[in-house]
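Listed after this line are the structures, all set down as structure tokens.
Shared between the two complexes below is subunit A, which has subunit B as its partner in the first and subunit C in the second.
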Partner chain A sequence: MFEFFNSPEVINIIVIIGSMLLFFVGLFGLLTQKHIIKIFMSIAIMETAVYLFFIGSLFKLDAIAPIMKVADDTSKFNDPIPHAMILTAIVIAMAVFALGVSFAIEYYKLSGKTNIDTMNEMRH
Partner chain B sequence: MSSVLFVALPLLFGFSTPILGYFGKNAVAYVSTLMQLFLLYLGFDLLLNEGFSIELISIAPPLGISFVVTKVSLLFVLLFTSVMTLFSLYYLSYRSEKPYRDESKFFILINMLLAASIGLVLSSDIFNIYVFFEIAGISAYILSAYEKSSSALEAGIKYLITGAVASIFLIFAIVLIYIYIGSLNLGIIAQHFELLPFQIKLLISILLLIGFGFKVEIFPLNFWVSDVYQGSSTLVNALFSAIVVKAYLFVFFHLLYLFLPHGEFSLFLIYLGAFSMLAAEVAGLRQSHLKRLFAYSSLGQVALVFTAFALQNTQAIQAALFIVLAHSVAKMGIFFALALIEKEHESMESETLKSLNSPFLRVILLISMLSLLGIPLFAGFVGKLLVLKSLALEGMLPIIMMIILASLIEAVYYFKLAGYMFTSDKRRDVLKVTWAHKTILAFLSLLLLIIGMAPFLLSEYLFEASKLMLGGVS
Partner chain C sequence: MSIKRSLSTLTLSGFTLSALLILSFINILLQNVATNIERAGDGLLKLNSSEGVANVVTTVVVYFRGFDTLGEIAVLFIASLGVGLMLERNTECTIKVQSNFMLQSASKLLFPIIIIFGLYVMIYGHLSPGGGFQGGVLVASAVLLLLISNKDLEVPHAVISALETLAGVSYVLIGLMGLLLSDVFLFNFLSPNIADFGLLLSGGIIPIVYIIVGIKVGSEMGFIVQNLLKRSDDV
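And then the complex of A and B:
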């Protein structure tokens, strides 16, 4: 019954539409949320959407893992570069968010504020 | 000699800090400065021996990473290294009175910033550009929040949020480029980019413009800049306006010239730049806080550079490079001098200048401001004149009017500051400036005067550099 979900075109379309929906969920959160941690979460959702879009749109159903010992026919391999890129990007993003959350905690300890609208220490 | 050293040595220094820490705090500071001096020597060695090269690291193209040293990228490498060296030398004397908390970490951060900015300029692989983009960003966020006061942390949080959003748009553009072209090497992308369908080209260009727009501080994506400058410590601001934004500007236009060599969006970018300049100067007029005021002045200058680069012809790029040099030197002088004033008066309101009793600092500030304004005989004049000339050759009168209007507004607030400085009451004691600080500040001002009076010393090199940049050597 659900056979047609196995065709590459359908999977690609689902991935593209789904990741774009996720991207706009993140963007909506970024523009509407006021809590600093929630803003970081929205940004993280947007990033995840981009990663899913990239991996999903270059994903081939019948391809195999790109290991030279398993097969010599490189045409059947999945492209390893997107995975390497996204792994790097995930690590960087994690570092940025860890830093951001630590800033937010320090700031909360000093000023007791978590709302981005009330962060106006400097406009006086 | 390998150009990788420019990135590897500062990073290596970061890893060796715990070991150096055993030899005391001074060891970290002096080794960091010595290493930067060595990098400066390497840079001049490359320049004099014409060691321009394309260097492959580890694997063969298209997968390998390559660093490209041309006249234009070497110019930026030399600029960043000399700014950082002067910063370290200045800080060595400053730290005896008011050191940063946890100093060895501070030295790791400034060296990370140096490595990442140089990497951005040299790298010819778009994913590497993303990695260096993030490293430069992370070290800049921490530097901006370094003092851990609530205003510094607020600046850090705002900087981090905008930076994270910018990086999403950049990685989205890179992802689309990889899906449609299948390569990350700038040379290969440049060959295939023109053949893409128009909608995809437009989408990638918009994503790149938004991603870099936050970082090159262009209207309307520059709302965070003034807060970051005001919250960060004064010395660090010198690095932000002399290194960070210049690296991003270079990379953005390097990519633009490679991907769109026929200037498809040139007119839009020129108007965007001129409008940003006008908006920044109008906003600067109302500021009373000195760091915030000079943040807006930085925005104005950067927008002028943006306009000149966007014109996409050799003469305009040469002008842009002149302004980049003049602005870096002048802003360093201003922020270095302001750091001394802040230490003494503990206030950064512009009224503080009324009680400034130091003829030396007054002269330094005045020379730097006159250069930023583009008065003849100072370095800023050459660049501004060349920009206006190339705009006139293109027949863009409205843009010329906007730039002149913006400069007039800029003049109003600079002369207001100059008025404060020279009508000051003399009751305070003379502000003591150490000889090391005096030497560096005098050197910076002298540099502004030399470039202003003898631009021909640089113009030939800059002209060839701009030809290379436009030609898109990747």
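And then the complex of A and C:
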């Protein structure tokens, strides 16, 4: 009965629905949490869902990783473009996360607050 | 009819409706997912066998999208600059917790192994999985191990900034040399030979550029790690 899961349509649908579920887990955390570090972690979970979607939606079962041994065989490899795009996206996401965490640390040092509901210095 | 009962029937009908919607969505997806599409990477795979290196992802990142990678490490530099501006002002507070004996002796054993593995991943990035970004992060993790085991240690700021400046300047200089010798920025002026495919010395400027990217990423990540570690203990 498990041969059903080896067909490429089913694998694509599992990837699409699973990454959507993970994305909505991150979105739920982003909308409901009040601690600022938890908000950054929710954004990181949403980014992970996007990476899974990009890598998995162009994944083929019989293809191998795009590392060539000889210069002229091209047919059996996976698509190298999503790997390169996601490599870029991971580095940018890490930079954004480090910068946001450093902002949060400096803000906590100045005001002693981590809850985003109480961050109202600019209101008055 | 009470409010509670009407609410429960509403919830039940809502669940049924959403389950039907999800099932029909899955059905539509099952019938319409394209399986044998012409992939965008097929042309790149064919092009790679004439002017690339063994790892096709490295060819895409460093050669076909080399200018984007230059912008990407510029973004990483700006992020580390922002972390430094935020956290490096008051330098009197450092780590107060003394690390235990196990961490101190294990870090002496593990630090050279992690450094060697990071350099291996960096240098063989055009032949095997890995590359400059991954090797740079590995080197930065070795620096992190050294920093949490020895609280008095501080990586000198001059070394980090010298490494990073050297790497950035040499990346731009290699690109400008391509612009000078041909009319393309980051032109592969070392002209890769197809007989060398899969060897360590192959691919022209691609492994050189990826090692430069590794040095830059390693120094920037080490800078970010050091700043976050030195400041995070007193808040």
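Criterion: the second predicted complex is superposed on the first by the 120 of 124 C-alpha atoms of A that agree within 3 Å, B and C clash if a C-alpha of one lies under 4 Å from a C-alpha of the other, contacts with A are read in each partner's own complex, and residues count from 1 in each chain.
Note that contacts are C-beta pairs under 8 Å (C-beta built on N, C-alpha and C of every residue); 3 or more make two chains touch, one makes a residue touch a chain.
Everything numeric here is computed off the predicted structure, so don't read it as measured data.
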Note to self: Taking the superposition on A as described, I'd like to know which of subunit B and subunit C A:Ile43 touches: first, second, both or neither.
What the structure shows: first
Next item on the list: Look at A:Pro80 in the shared chain and tell me whether it touches subunit B only, subunit C only, both, or neither; answer first, second, both or neither.
Entry: second
Note to self: By the touch definition at the top of the document, which applies to A:Pro8: first (subunit B), second (subunit C), both, or neither?
What the structure shows: second
Next item on the list: Give one of first, second, both or neither to describe whether A:Thr88 is in contact with subunit B, with subunit C, with both, or with none.
Entry: both
Checklist line | Touching partner for A:Val96 - first (subunit B), second (subunit C), both, neither | finding: both
Margin query: Per the contact definition in the header, classify A:Met122: touching subunit B only (first), subunit C only (second), both, or neither.
Written below: first
Check: In the superposed arrangement, which partner chain does A:Phe28 touch: subunit B (first), subunit C (second), both, or neither?
Finding: neither
Next item on the list: Based on the superposed arrangement, let me know which partner A:Glu106 touches: subunit B (first), subunit C (second), both, or neither?
Entry: both
Next item on the list: Could you say whether A:Leu58 touches subunit B, subunit C, both of them, or neither, answering first, second, both or neither?
Entry: both
Checklist line | Residues of subunit A that lie at the interface with subunit B and also at the interface with subunit C | finding: 58, 81, 88, 92, 95-96, 99, 103, 106
Next item on the list: Please give the residue numbers of subunit A that touch subunit B in the complex, ascending.
Entry: 30, 36, 39-40, 43, 46-47, 50, 53-54, 57-58, 81-82, 85, 88-89, 92-93, 95-97, 99-100, 103-104, 106-107, 110-111, 119, 121-123
Margin query: Which stretch or stretches of subunit B touch subunit A in the complex?
Written below: 63, 127, 130-131, 134, 137-138, 141-142, 145, 148-151, 153-158, 160-161, 163-165, 167-168, 171-172, 174-175, 178-179, 184, 227, 230-231, 289, 292
Item checked: Complex contact set, residues of subunit C against subunit A -> 26, 29-30, 33, 35, 39-42, 44-46, 48-50, 54-57, 59-61, 65, 68-69, 72, 75-76, 78-80, 82-83, 86-87, 127-129, 131, 133, 194, 197-198, 217, 224, 227-228, 231-232, 235
Margin query: With touch defined as at the start, can you tell me which subunit A residues reach subunit C in the complex?
Written below: 8-10, 12-13, 16-17, 58, 65-72, 74, 77-81, 83-84, 87-88, 90-92, 95-96, 98-99, 101-103, 105-106, 108-109
